[in-house]
């Protein structure tokens, strides 16, 4: 999968600048002509994500990068993640940024995979999805890691999907008219999702033309029931469930009428996957 | 405390762009002339951090922001965090970025405060500190949140402190000469820290002129003992302890000979503090 | 409608820089303390688009801007478009950029409105749509102008809609599998559109799960017929028609089975609407 | 001719970002290891301009680019414009930006060439010139295309030439003093042009020291007469004619006393030259 | 004079970032609610330049700025340059950048004024001019300071004036043809200057159509003689003299046939004018 | 020494843009296919600094760069500094930026070396140091040149060292409390320096916990005496001396109790080292 845009290099350079705003005084004693090999290894089990990003960091500093893995591969303690060869001073300078990205993205992929497996074990088609609760500047990479982990990225921003949430709904006099206006202006490319806090509101929204209904904070029993009722009435409707869903209670929401369950914690609270890089 | 630089606005604008790369189609139905009030409330307990950042996000969109809190204040479920007033379409557009920042930074401050309290209960002067294991683009804000939580920020990047870690040490023939070279070039403004994996190496590094010794992966008993020995021999030496230290085993490391304990998890794996914002 | 993102100011500043890379030597003789009023008037008939953009240009230079119009309003020769008041040197400096944007966007809105009216006169629900054939750096503004003119913006970029065109199709062994893979990864947020050069291919694509079929270069008779056949077989399918469609032959394509007709010329070859700005 | 600056790559990257603000989901199904050859061909007749720009877009994505043409060459329907070889996913990603630039710039070069030929047929030295009515962010490329088409670029911005237009003149008490002040400050590097709406004003401006007089909206007969009179009186004066001049009436303005005729339509309303790119 | 472009604020922000890449720890102890007044005073004699730049720095931090001076005014030790009022923490943060700019630009204006006066005392029309030997990122401000000091800015960059120097001339087979090509492409807006190392070459260049001849390293006697000869032969030719000209030998070059004398030292080696800012 | 960060290329590109905001019209006559060799030679004696920066400028334009020198090497009139080979048009375009950087940085290194030698001749350990009086945008390069010349860079910005100067001290009620607060928040990584205008204040500051005392404007006799007294009382204290110290009076300040002498003139008023580059 070649999903990452070319302009990522601009972000990587600005993140390298964050680490060295002025000079790198370690360069006083680290001979840049010294060629070395370094190997990164997992220090815990998980799903790797971000290898092409780490590779680009090293490439920006002229370091050769190789790996036998692909994003999405499982790793365990000791698995060799990648091997880099080049000038010692450059390897040392690229190390932290590449690891900070790789450990963070792998952490997201790992928890997403775990959530995905919980649902798969229930034998349902329900999927997990990320939210817009991402860390600023990292949204496309975090969503990428969710995809690698087997989750849906959900909308990336406000431009491509309109979601009418509780705050929006308080401002709208007529939901149907609002949805019509959006579709009349934007055409079929911008799906409209509506948040509902009870079945009745969900039904109103579906009737008003919503493409997706988000059942917010229904609890598992009501969510499953509402999803079933809605799917029967509106077969082409997409059903999202959200609100206080964790790895612990996720399986209670598994149901074929629920298309996906969104969890902000995939991106805003993921534990990083420990990886270290040592000269060989 | 007025620590945040003015250029932060440039980052905020680029993060707003991440959320709306093109247009905001919700603006088709949300009347920008509609003036509203919205209130953000904590949905869990913790330490608030990032209020001046959230305020700037709203200001960039012309929204009035007020709060009775200051960064570092404790909040519990239901505490009003801030109140904003202005055009409805602008409030909705600023909401996610300001919350993404505030919940993340508060999550960091909260776990840092917890770690700080664990050490304080032991009645020692030992402190916790962050590392360079931060999320790209967010380092100064993450370190800021650590400061708010009562931790030390540790070095912000490679430019202001030289840390000679295991990978560096493998490349150096003569540690003392290396430290001398750095100090001779950079003067007294750039502290030199050396990582040591046993007491003997620590002593060599201290003799070589290191300002700070980082005892890496010593375990609590050996770390405390080594710190004591070193402090006796080198009273002005700063002692850092690091390696697999968690909230669970942190108290074992509390000791007056240890200046601070660095924990990457403060910044790379912090759980965000849940806060939501609703129109009143 | 408040659709334009806040970061637009960064583009505007960089465009002001394009006009004054160094200094503005006219400032030697134009007294900045001289306050003036200037009025912009249409020199031809058309649909105005871009007023909020022009307003922002002036605001960046501290100039007061007022208008009785809204984007989408028709203007004729002599209509007052806007009035600005402020320092003469600043008005002169903002004039060209604001007019370059306003005349270009109004030109796009004008031709889009004309196309829209041609279809409306046929009494069909068919709409016109833009393409990705936009001028670099101006895509969101050009698409905005198309929306103002009554057209659909179509996809803004590669991230939010996958369109499998002839070049893609040559690379895919199995269209159905490809569509499944995309939907399995991206979920229901990323519509998949497939280009077809004949009815048989269109049917294959629809069966494979395409959300939108683009009938490319069918000519009007075949396009209408294919659209009818497809809509009957796949009622929820969206039908786009494209290829050598101009204002002259547009009406031949009007048909209720065709959802929209995309025309690159709306954005890549629009004639600008003449507007000038004079001190009063 | 090697006129294009190296920093153009920064603009190209930001334009690639405009097309892929997040990820490229087509990469899910397009194998990046698939190497392909694609050929771009003209679908209409015109003058090609922008080949080095298109080449740079492809180079940024690691694609090999070759062409037998040079900017300024005429093409007709079917002419091979360029051939690219590389990873399929990268070719697809670079295609739209490179074509958007190439078709737009070639459109400008084509109309400029047509205007140039109209004047050449009259056997005069009069030339066409562009204006500052360019599309924001594209000025240097648009002016470049005008040069390729045989026109003068005219001033690129406010910094290098002072043009005192009707709005300026209303603010100046003494034209001669104003011109003297500018020349006294800026030296001989900044030509001063003055707009005149009748022969008397033109003569005053020439006497005041203007290097260039722009005869604005004189109509062809008066313009030619005024140019002749002025050239006789002020032999070293440069004469520009402007105002409602189109390809249709351009030949009426051909006259050896007129140095050049500026036409905003060259850059603000050029029809793009149709070019498409297909895998071979 | 209002010469400075609006985008300067972007440079100022990036320069503020250079001073505070992360946080401002002085803000821990400096109360931002503390309002103060600070006054900047000259500590030496010279010509002030850059007041509008300093003002913008303070404005970016919300500080009120006032001054009785204008750029170009002479100051002596103790002269009050400006007064600022606002939050103490912000004044302290803006101080260094505004002074670094003001002292540098005033240094340039001061030496330029001195050079200008040397020539004025000789009663000739000869002027001094800057070169492209400027400090990267500061060219427009440095040239601005030269203008303030009474010098010509000379060309700001490669885009607006072509200067054919010794290195260029070695590559050209036919100077006249080269000049014709440039003028035929660029029109009358781009003056062509040719460097000459002896009178014969200067004459060839003038005959070839050069607008400006730069007599390089002629020494004062030969330079004056060559200028006289050339002016007689080519009355509209502009004559620049350059090469090892200092304040010490400048007066030897004063001659009415020499239009201006360019000195790189005005911008690459100017001594800054000492100014300090203290709380009152 | 490999001290320079990778993101420097972004600054270099923006500085190339400063020189060519639009197009490079010299490219009309300079054949880009013409390969040439050019050699840069010193035209005066000094210390070279900035070779890796110059090399990067050329590399950005695809030009091969070679040199026998290293930063810090002495050069005299005629010494070959570097040799470049590549396309003539690119060499000409890179020349000015690379020389502007190299001559400026070498000028700084040269004066720093001179100052360093003055102190070395006195047989003391006192060193010279730069200040924050640098030219905006060039701080890390200017400090780099000071390091090359043998001086200390001093703090690079506000983030890594707190210096409490006269203006700060006026705002603080209790110096000890202020220093404690900073250290309690920032830990041992942020040294605190205090400016003192007499010995008594210096002693108070040292007692309050300052790591560095800056003796400001003491004159040489008082400075040396104060330094001696303070060093005796506070052996680990670092002593900086500053204020009106020039190459002329520098030797009077040489004293083993003074750690370093800071001189703003190293960076704000350095005379550039003359270097020229010619085609061979």
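Each chain gets a letter, A, B, C, D, E and F, in the order it is written, and its residues are counted from 1.
One rule holds in what follows: a contact is a pair of C-beta atoms (placed from the backbone, for glycine too) under 8 Å apart; a residue touches a chain by one contact, two chains touch by 3 or more.
Owing to the predicted nature of the structure, the values given are computational and were not obtained by experimental measurement.
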Determine the set of chains touching chain A that also touch chain E.
B, C, D, F
For the C-alpha superposition of chain B onto chain E, the rotation angle in degrees, rounded to the nearest 5, equals 120
Could you work out which pair in B-E, E-F or D-E copies the interface of B-C, where over half of the contact pairs coincide by residue number?
B-E
Would the interface of chain E with chain F count as same or different, where same needs over half of all numbers used to appear in both copies?
same
Roughly how many whole angstrom separate the Cα centroids of chain B and chain D?
51
How big is the gap, in whole Å, between where the Cα atoms of chain C centre and where those of chain E centre?
44
Between chain A and chain B, what is the gap in Å from one C-alpha centre to the other?
23
Residue numbers in chain E touching two or more further chains are 14, 18, 20-25, 28, 30, 93, 139-140, 147, 153, 156-157, 159, 185-186
In the complex, chain E touches chain D at residues 127, 129, 147, 152-156, 159-161, 185-189, 191, 211-212, 236, 238, 259-260
In the complex formed with chain E, which residues of chain C make contact?
13-14, 16-17, 20-25, 27-28, 30, 32, 60-61, 87, 89-90, 93
List of chain F residues in touch with chain E within their complex:
11, 14-15, 18-26, 28-31, 34, 36, 38, 88, 91-93, 95-97, 99-101, 103-104, 107, 132-140, 157-159, 162-164, 166-168, 170-172, 178, 181-182, 185-186, 190, 264-265, 268-272, 277-279
If you look only at chain A, which of its residues touch chain D in the complex?
1-7, 9-10, 139-140, 143-144, 147, 153, 156-157, 159
